[in-house]
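Inspection log for the structure reproduced underneath, given as C-alpha cells.
We call the chains A, B and C, going by the order they appear; numbering starts again at 1 in every chain.
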Amino acid sequence: MSASTDSFLERAPIEARDWLVQLLPAPLQWFTHHLITIGAILAVFGLFFAFTTVAERKLLGRLQNRLGPNRSGLPKFSALPWHLKHKLFGLTQPFADAVKALTKEDIVPAAADKLLHFLAPVLVVAFSLLTFAVLPFGRNMVPVDLDAGLLYFFAAGSATELTIFMAGWASRNKYSLLAAMRALAQVISYELPLLLSVVPVVLVAGTLSTNEIVTAQGGWSFGILPHWNIFTPWGFIGFLLFLVAALAECNRSPFDLPEAESELIAGHLTEYSGFKYALFFMAEYFGLTALSGLGVTLFLGGWQAPCDFLPFIPSYVWFMGKLVMMIVFFIWVRGTLLRLRIDQLTRLAWQFIVPLALINLGNAAFWALTASWAGPLQLVRLGVSLALVVGPFILLGRRLNIGRGPRTYRYATS
Amino acid sequence: MLGSGIIKGLAVTAKNFVGSYFVPERMVTEQYPEDRPKLPENYRSFPLLVSETAEDPMGTLRCVACQICEKECPPQCIYIEKSKDKKPDATGKMQLYPVVFAIDTSVCMSCGLCAELCPFDSIKMDQVFEVAATNRFAGLLLNREQLAKSNAYYHSIRPVEAAEVDARLAADRQAAEAKAKAAAAAKAAAAAAKAAAPAAQPAPAPVAEAPKPPSPAA
Amino acid sequence: MITAAPAPFGQSSGPTVRRVNDPLHGDLLEVSMGPQHPSTHGVFRMDVTLDGEVIVKLKPVFGYLHRNHEKIAENTSYLSSMPYTDRLDYLCSMSTNWAYAMAVEKLSGQAVPDRAQYLRVILAELTRIVNHACLVGFLFNDLGTSFTPLLYAFREREKIIDLFEALSGSRMMCNYQRFGGCRVDPTPEWLAAASKLVDNFPRFLDEYETMLTGNEILLARTQGVGRLDPKHAVNAGITGPVLRACGVNYDLRKVDAYGFYPRFDFRVPLGEHGDTYDRYMMRILEMRESVKILQQAFKVLPAGPIMDPKAKLRGFRPKPGETYGRLEGPKGELGFYLLSDGTPNPYRYRVRPPSLINLTLLEEMCLGHTVADAVVILGSIDIVLGEVDR
C-alpha cells in the first residue's frame, strides 16, 4: 500500500497534474492545482452522467424486453473503414439529447417568481457538484482531504432538497407546490437515517475523513476476503439502510415522490423546460453518483481491490467499477419497484430505518469493542452481531406491514 | 419477511433482462423502417377501387356508381357522381360508371363496411398504412384516380380473397355470356321465324336482359 | 367545515370525517387533475380539494370525449352503428360488438349458428384478457413503476391483438360481429395459434404474480385503500370486477347465462374487502378463469356456418319493438337498449356503459385518501373514456 509499489498507471493522473502545475510560476500553482482537479471532475463525471442516462435507458429497456435507444449515431462517414456501424448502439444519444435540450424553448410561467425559477436549476447543479470534493476516487486522489469530510458531504448534499423546494415554490403551480412539500418531508425524514446509517462506519474507523475510512478498510483475510465494512453484520445492514436512505435522498424510484409523474405530473419539474429541465436532470444524476460514491467509500472499500493479487489494476478503476455497479443496481431497482405514498415513506423512515440504524450503532460499538476476541470467541462475536441485525429486522419489519399480506380468494358457489 | 416480495420482483426483472438477450420471443420490438411488418391478409387500412388493368385504370373500373357504399358508409366519407353514359362492366353488361369517386380519408374510419357491402367487388380495403400527407385537406381527400388500383395489386395484397372474387366474376361473366348467347340464339331464332313467317308488324324488341348483378354476398 | 382526517399512519381506513376547529389549520388546496394528466386514462378531470395531501372533496368531470354516439346511431342504419360500437370501449371492441349484435338479434329474433356462438365466447374471453392485462399494467404505472409491468402486460396483449388483426383486419377496431353471426371464419392456423397462446398465457400470469403480487410496497399501497361498501355498490349499480371485489356474486355470464356460457365450466372469483388490492386480484383471477373457458372452447369448437343464412346485411328492418341486450363485459354490465319503429334506423338507441356507472362512486372511494391513492383508485375502477363520454 506504500507509494513505491504503485504501478505507473496508478500514479499517472497525479504525476501528470503535478507536472502541469510545476510548469507555472509559484503564486499560480495552488490555484492551478485545484482548477485542474475541478476540471477533471467536471469532465469525468459530466461524461459519466451522459453515459449514465443512456445506460439507464438501455438497461430499463432490456429489463422491459425492449431495445432501448439504438438509433442515434454519427453521421455516415462511409469512407472510414473502422466505422462500420454508424449507429454505435445509440451511444451518442446523450449528445443528441443535450442539443435538443439546448435548442428547446425556455418557458417561464407568467406568474412564476422569475429569479427563483432561474436560480433553482443553477443552484441544484452547484450543490450536487460540491459533494464530489471529498470523495476519494483513488489512492491519493481525493480532491479536498477534509478532516470532517463526511459532515461536509451531508451538508452540501442536503442543500439540493432546498433547491427542489425553491423550484416548486417559484413555479407557482399547484403540482409543483405539492412536490415541494413532499421534498421537504422527505429531506427531513431521510437526512437522519442517512446519517445514522453512516455513523457506525465512523465509529469503527474512528475518523470522519473519507480517505482514512477507505484506508481503514484495507487488507484481506486469506487473500480473497477483503476487510470491507459490508462484510461485517453491522456493515451489511448499514449498507442496506444506506441504500434505502440514499434512494430517498436522491429522489429515485421507489422514493421519487417529489416528481411522481403519475400523481403530480412531474412535480417540481412541471414548469421547467429546455435546458433548465436538463440541469435538474443532471443534478439528479450527480446526486445519485455522489451518494453511490459515498456508499462505495464507506461500505465497499472505496478504491481497494477485492483480492490481494488484483491491486495491479489502478485504484481509480476499482472505484469507478464499484460506482457503476451501484448505479446499475439503482437502475434495476427503478425498473422493478413501485412508489411509496408520502405517509408510508415517512413511516418507513421513523418506524423502521431509524430504530434499526440506532440498534446498528450499538452493534457496531459491540463489534469495535470486541475486536480483540480471538479463537472461538470470534464466532460468538459474529453470532451476537448477526442476531442484533436479523432479530430487529424481522421484528420491526413485521410491525411495518401489520395486517397486510397476500390474500386467498373464494369463488362463487352458484 | 419484509423484503422477500421485493427480492422476488428483482429476480423476475433480472430474469427478463438476461432473457432479452437470449430468448427472442421475449422481445416484441420491430426495427420498423428496416424491418417491414408482416401484415395478415385480412389487414385493412383505407378503401381502394379495383380496376381490371393497370394500363387503363379509369376505363376498367369495376365500380358502377350504385352508391350503396356512399349510403352505408358510417361516417359518410364517400362521395360519388354518376356518369351520364354507360360502359360495359366486369361481366360485360352496360353500366354507369363514377365520374367522381372521392373518399375523405381524414374522415374514413377504416371499418370496411363499404368493401363488405359492395355487390360488384369493386371497392376493397387497401393495406397501405403509411398515409401521411403534407396537406390535411387536399392531401387526404382521395379522388378516383388515386383510389384506383389494378386487380393485380389486389391479388398481391389479398391473394385468397382476390382469387375468390375472380372466380365469382368469371362465373358471372360466363353465365352472362351463356345467357347472352342464349338470348342471341333466341333472337336469331325469332328473326328466322319472323323471316320465315312474313308479318306486317315489326318484330318485338328482344327481351333478353343482361343478368342481374350478383346478389350481395350474404 | 367538515373535512376528512388523514388516515392514521399505516392504516388507511376509508373515509373518516373530522371537524376542523383549529385556527392554525391552513387553507384547502383546489387542484384540477386533468383533462391533461398522465394518470386520468384519457381526457378525464378530477376536481380535487385537498387538505394537505388528503382529499376532502372530489368531483369527477367528464364529457371531453363526447362524440354524440347515441344520436348518430339513431340516424344511421343498424349495421352502420356497428363500427361505432368499436369506439365505445376501444380496448374491448369484440365484446362491445357482441353486446350490440345481441341486442339487435333479440329485436329481430335472429338465430346464431353454433360455431359463431363459440367464436363469440372465444373472442369475448380473449378481449377480457386483453382488457385485464391492460388494466393491471396501467394500474402499476399509476402506482409508480417505470413501465416495467405495463410493458410485460402489453407484450401479452400485443399477441392477442395480433390475433384480432389476423382475424378481423384491425387490431382494436375489429368490427367483427354481425347480426346473426360473425364476419370472418377463422382459419385452422388461426385457431391453432390462438390455442397455443392461451396455453402459454398462465406462464405469463405466474411470472407477473411472482413479480408483483407479494410486493410489500404494492400491499401497502393497495390494501385498505379505496374501500367500497357492497350495499353502496349495489345501490349505485356498480357491476363487473369492481362489484365482485366487494364480495357480491353477480356475473351476467352466470346470471343471464347468455350465449353458450352455460356450456362452460368456470368459477367467479369474489373479493372480501372491496379495496384496490381486491380489485386488482379480481382481474388476475378472472384472467385465469378466462384461460379455462378458452381452453374448453377450443376443444369443442364445431365446424359449420358462421352466419345465419337468413340474415341480410342491407335493408335490415326489425319489427317495431324494444329490447335490452346485455352481457358481462370486461368492465361490467354492458347493455344496449334499442327501440325500433320499423324503419332502418333505431328510434332510440342507448348504451349502458359500465365505465360511467362504476365511476359514480369515485368520490366515496377516494375521500380521506391522498392524491396518490386517488390516482390508483381511479386506475383500479378501470374506465375507458370512449365509453364514459360516448
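General observations
To be clear about the criterion, a residue touches a chain if its C-beta (ideal position, glycine included) is under 8 Å from a C-beta of that chain, and two chains touch if they have at least 3 such contacts.
All values reported here derive from a predicted model rather than from experimental measurement.
The innermost chain, defined by the distance from its C-alpha mean to the mean of all protein C-alpha atoms, is C. Taking the mean of C-alpha positions as each chain's centre, the chain lying farthest from the centre of subunit B is A. If you average the Cα atoms of subunit B and of subunit C, the two centres end up 35 Å apart. Separating the centre of subunit A from that of subunit B, both taken as means of CA atoms, is a distance of 62 Å. Taking the mean of the C-alpha atoms as each chain's centre, subunit A and subunit C sit 43 Å apart. Contact with two or more other chains is made by residues 148, 152, 155, 211-219 of subunit C.
Contacts with at least two other chains are made by residues 63-66, 335-337, 400-401 of subunit A. Across the assembly, subunit B contributes residues 2-3, 6, 9, 12-13, 16, 26, 28 that each touch 2 or more other chains.
Considering their complex, residues 2-6, 8-9, 11-13, 16, 26, 28, 40, 42-44, 68, 72-74, 109-113, 116-117, 125, 216, 218 of subunit B touch subunit C.
Contacts from subunit C toward subunit B in the complex involve residues 76-77, 79-84, 86-87, 148, 152, 155, 158, 162, 165-170, 173, 175, 183-184, 207, 210-219, 307, 309, 311-314. Residue ranges on subunit A touching subunit C, taken from their complex, read 60, 63-66, 174-175, 177-178, 181-182, 253-254, 256-257, 260-265, 334-344, 346-347, 351, 400-407, 409-412, 414. Partner subunit B is touched in their complex by these residues of subunit A: 59, 62-67, 332-333, 335-337, 393-394, 396-398, 400-401.
Touching subunit A in their complex are the following residues of subunit B: 1-3, 6, 9-10, 12-14, 16-17, 19-21, 26-29, 31.
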